[in-house]
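Okay, handing you the structure first.
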Amino acid sequence: MAEPLTHLNERGEAHIVDIGDKDETRRVAVAQAELNATSEIVAAILQGGLKKGDAVAVARVAGIMAAKKTSELIPLCHPIPITKIAIDIAEGKSRDIIVVQARVETTGRTGVEMEALTAASVAALTLYDMAKALDKSMTITNVALLEKSGGKSGDFTRGA
Amino acid sequence: MAEPLTHLNERGEAHIVDIGDKDETRRVAVAQAELNATSEIVAAILQGGLKKGDAVAVARVAGIMAAKKTSELIPLCHPIPITKIAIDIAEGKSRDIIVVQARVETTGRTGVEMEALTAASVAALTLYDMAKALDKSMTITNVALLEKSGGKSGDFTRGA
Amino acid sequence: MAEPLTHLNERGEAHIVDIGDKDETRRVAVAQAELNATSEIVAAILQGGLKKGDAVAVARVAGIMAAKKTSELIPLCHPIPITKIAIDIAEGKSRDIIVVQARVETTGRTGVEMEALTAASVAALTLYDMAKALDKSMTITNVALLEKSGGKSGDFTRGA
Amino acid sequence: MAEPLTHLNERGEAHIVDIGDKDETRRVAVAQAELNATSEIVAAILQGGLKKGDAVAVARVAGIMAAKKTSELIPLCHPIPITKIAIDIAEGKSRDIIVVQARVETTGRTGVEMEALTAASVAALTLYDMAKALDKSMTITNVALLEKSGGKSGDFTRGA
Amino acid sequence: MAEPLTHLNERGEAHIVDIGDKDETRRVAVAQAELNATSEIVAAILQGGLKKGDAVAVARVAGIMAAKKTSELIPLCHPIPITKIAIDIAEGKSRDIIVVQARVETTGRTGVEMEALTAASVAALTLYDMAKALDKSMTITNVALLEKSGGKSGDFTRGA
Amino acid sequence: MAEPLTHLNERGEAHIVDIGDKDETRRVAVAQAELNATSEIVAAILQGGLKKGDAVAVARVAGIMAAKKTSELIPLCHPIPITKIAIDIAEGKSRDIIVVQARVETTGRTGVEMEALTAASVAALTLYDMAKALDKSMTITNVALLEKSGGKSGDFTRGA
């Protein structure tokens, strides 16, 4: 028998769990998403040259704004007073991958894992949108929480 | 030299491209996202038993509502009059994978690829949210456009 | 055995039903909501005197803006290009009742019943909000569709 | 002469009242809304049988998400850091009534009465939406605050 | 060489700056915007007569609601728990000018300057919208911060 | 006696005017806003050098996204299917001024003047936000409609 999901009550009904008794502490989460494309598209987006276009900035803004919308998108997320958002977009391990990394912080009663994951996902979707006229077969993979600290449930660091 | 991105003008500046001259036609897009978890979590979410909880319905609603929010999330997307949204959530090829499939339709001037991809992504993120107290190392992968029809740019079907 | 709900498919799963084949026609809906309060509160809100305050205008604006948000609030509603919204707020049959009446029109593929009902409900909730420091026992009743025209399903007028 | 509304200043102009000096305390509100339908529709929604559909879950999610949107809908409401939301949907006193009950909590500077009322109203409107193809003459009634605790203005319990 | 913008990091990338270590203190901001129109339009909006219409109330509500949306509009703004909003709309120095003044307060970790400026701007745009059928050559000018207090960066009062 | 405002009915009550009988035609609007700052801040934002930062791109994205939110911000605006948005940000007539120019197009039943004005205003407010740590005395001026075409009311071009 599977362990029950905390976001459903004993009758299986969804609710927003009570965090009223949790402390307001500093909490950090870092998440990533990868866009798998062709090396030509990665170059078109990241353009090392002098005439850098808006592509990366647009995706970064999209991720930042999505982090602030997380509780509107994920039904059982609490609204959280985010205190910091930073999004890094760079070439991945190979030249046909772009890695989006989102770091979100709060001083609040619950963590910001979903904010970081949502920011990374939406930034990657925004890159897909801008390049989809060139190639519709790109994929987004490895959407994952990299680390998390603060709060009673302890720290988390993703294994290598 | 990489081919230029259509969403940036000749100076590299982002804009919402002109679709005023495009026809209003029926357009369909189907996209997917996969949640990689443990077989226990997949079972807790999908629960074949009689006492099915809200988990899958919550993710489905989240995906449907996210499709309607796409143009608020992806900066260079046009607002589109969506005419249909359906989201299917089921066990994947192996017992530790859940596949979310989103189908979106419109009768409009541009396609609904981003709406389908956003719906699938947000539904998968919602599943992650509900199960993250059990396991923070789940990942979302294979976020991809499966097929697309309608519009001048022709049909697309993802290769096997 | 109850007739099935159209917004659930044959497996009971929620979806946004396909309206792609429906015609774009003029559609109208009128709905109401009543606030039951004390005659003092009704007077404070409606104030027949010269120095009319903002209360009714605030509720009217709230209703108008809520009509435009309907597809964000009601998960299975289609986004609809509203072409007209009017909200009337007046004393009801007795002096302790305020009646909110909302009329919404569109030229679109589906009706605006939910837009009218949402507008009337939110305007009434806004009146409640402004008067709740005086009396928390007010109620909102008779939230109902009064009439509806346009579209294939035919016209509807609420019985007396 | 009616007592003035607190949400209007001495010139009758709407404002968001100052809560900067109020304490952050635990506050709870419970509200309800009733959908009056036919016993067939109530059965179609609540379906006691094995093959429970998404209808109740969709309405519950709609109510939860609406609670979080309250300050966007009700113009003079403060944004509030909600710490818990639970929505119960069940058959009422007779078989043609569904009762929605919403409980909202916060640790904040003002109460969550409007959040609970908005959640209950939107959940009931969502039920109406899903059943309206069967019957447009359903009504929503008895939208009311049941109880409220926390804050300087004291507790409130609705009379029987 | 220009001093660097705080909202961009050392590589010129936008981020939401860290306010996690800042204290929660009372912060106030007052901003204005002016609508330059004709004296006829100013009179039509402000109407000194008995039959005052909704125009000013609509603009006031628009400004109040926009203040609450600031962090959704201005990408690098933090979400802030606003504790008070008041908007004053009156004739300016000459009879062809309407002055909108917005006062916003919070008890939070960062200031509310952008909330006050956004509220004043959107209220002025709303006045423009209501009068634009009469005159499209109106302008909005002198959108400015008038004063600001609270927080480590010190108080600010605009010079005469 | 001033000519009545079209957005208020004969009783002075706000409404969204009926556009159901208007034709769907191509409509264009161009608007501007100016940020008055110091030449140092203008340089910091526009930076002619090689290492261009995100500042202009952030403001451009903010303007584009605000155009799409216009009907949520301006209470009596209709929701409009925008078909194109472009925002140009450049040095003004003197070195201490930045001019934001927004062009919006639709094929719809009403014009996009408010969308263009809102986009220009929010882009200018975003520039203010990013530079306000350097100087709080910047102002936004000359928010104005430059030209408008399409629709029954005829074309408009701002006088020199």
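Per-chain residue numbering starts at 1, and chain names A, B, C, D, E and F are given in the order in which the chains are listed.
We take it that a residue touches a chain if its C-beta (ideal position, glycine included) is under 8 Å from a C-beta of that chain, and two chains touch if they have at least 3 such contacts.
To keep track of the chains, here are their UniProt names: A, B, C, D, E, F = Cyclic pyranopterin monophosphate synthase.
Treat the numbers as computed from the prediction; the structure is a model and nothing was measured.
Each step here moves to a touching chain, and the least such steps from chain C to chain D number 1. Minimum number of contact steps separating chain C from chain F: 1. A rotation of 180° superposes the C-alpha trace of chain E on that of chain F, rounded to the nearest 5. When you average the Cα atoms of each chain and compare centres, the chain farthest from chain D turns out to be F. Between the interfaces C-E and B-F, more contacting C-beta pairs are found at B-F.
If you average the Cα atoms of chain B and of chain C, the two centres end up 31 Å apart. Look at where the CA atoms of chain B average out and do the same for chain E: the two points lie 37 Å apart. Among all residues of chain D, those that touch two or more other chains are 13-14, 52, 54, 57-58, 60-62, 65, 69, 72, 75-76, 79, 81. Under the stated contact rule, the graph of chain-to-chain touches falls outside the line, ring, star and complete shapes.
Listed by chain label, the pairs that touch are A-B, A-D, A-E, A-F, B-C, B-D, B-F, C-D, C-E, C-F, D-E, E-F. Touching chain B in their complex are the following residues of chain D: 50, 52, 54, 57-58, 60-62, 65. Every residue of chain F that touches chain C in the complex is listed here, in rising order: 9, 13-20, 71-72, 75-76, 78-81, 108-109. Chain contact summary for the complex, chain C toward chain F: residues 26, 57, 60-61, 64-65, 68-69, 79, 81-88, 105-107. The touching residues of chain F, counted against chain E in their complex, run 2-8, 11-14, 33, 40-41, 43-45, 47, 51-55, 57-58, 61-62, 65-66, 69, 72-77, 113-114, 117-118, 121-122, 124-126, 128-134, 136-145, 148, 153, 156, 158-159.
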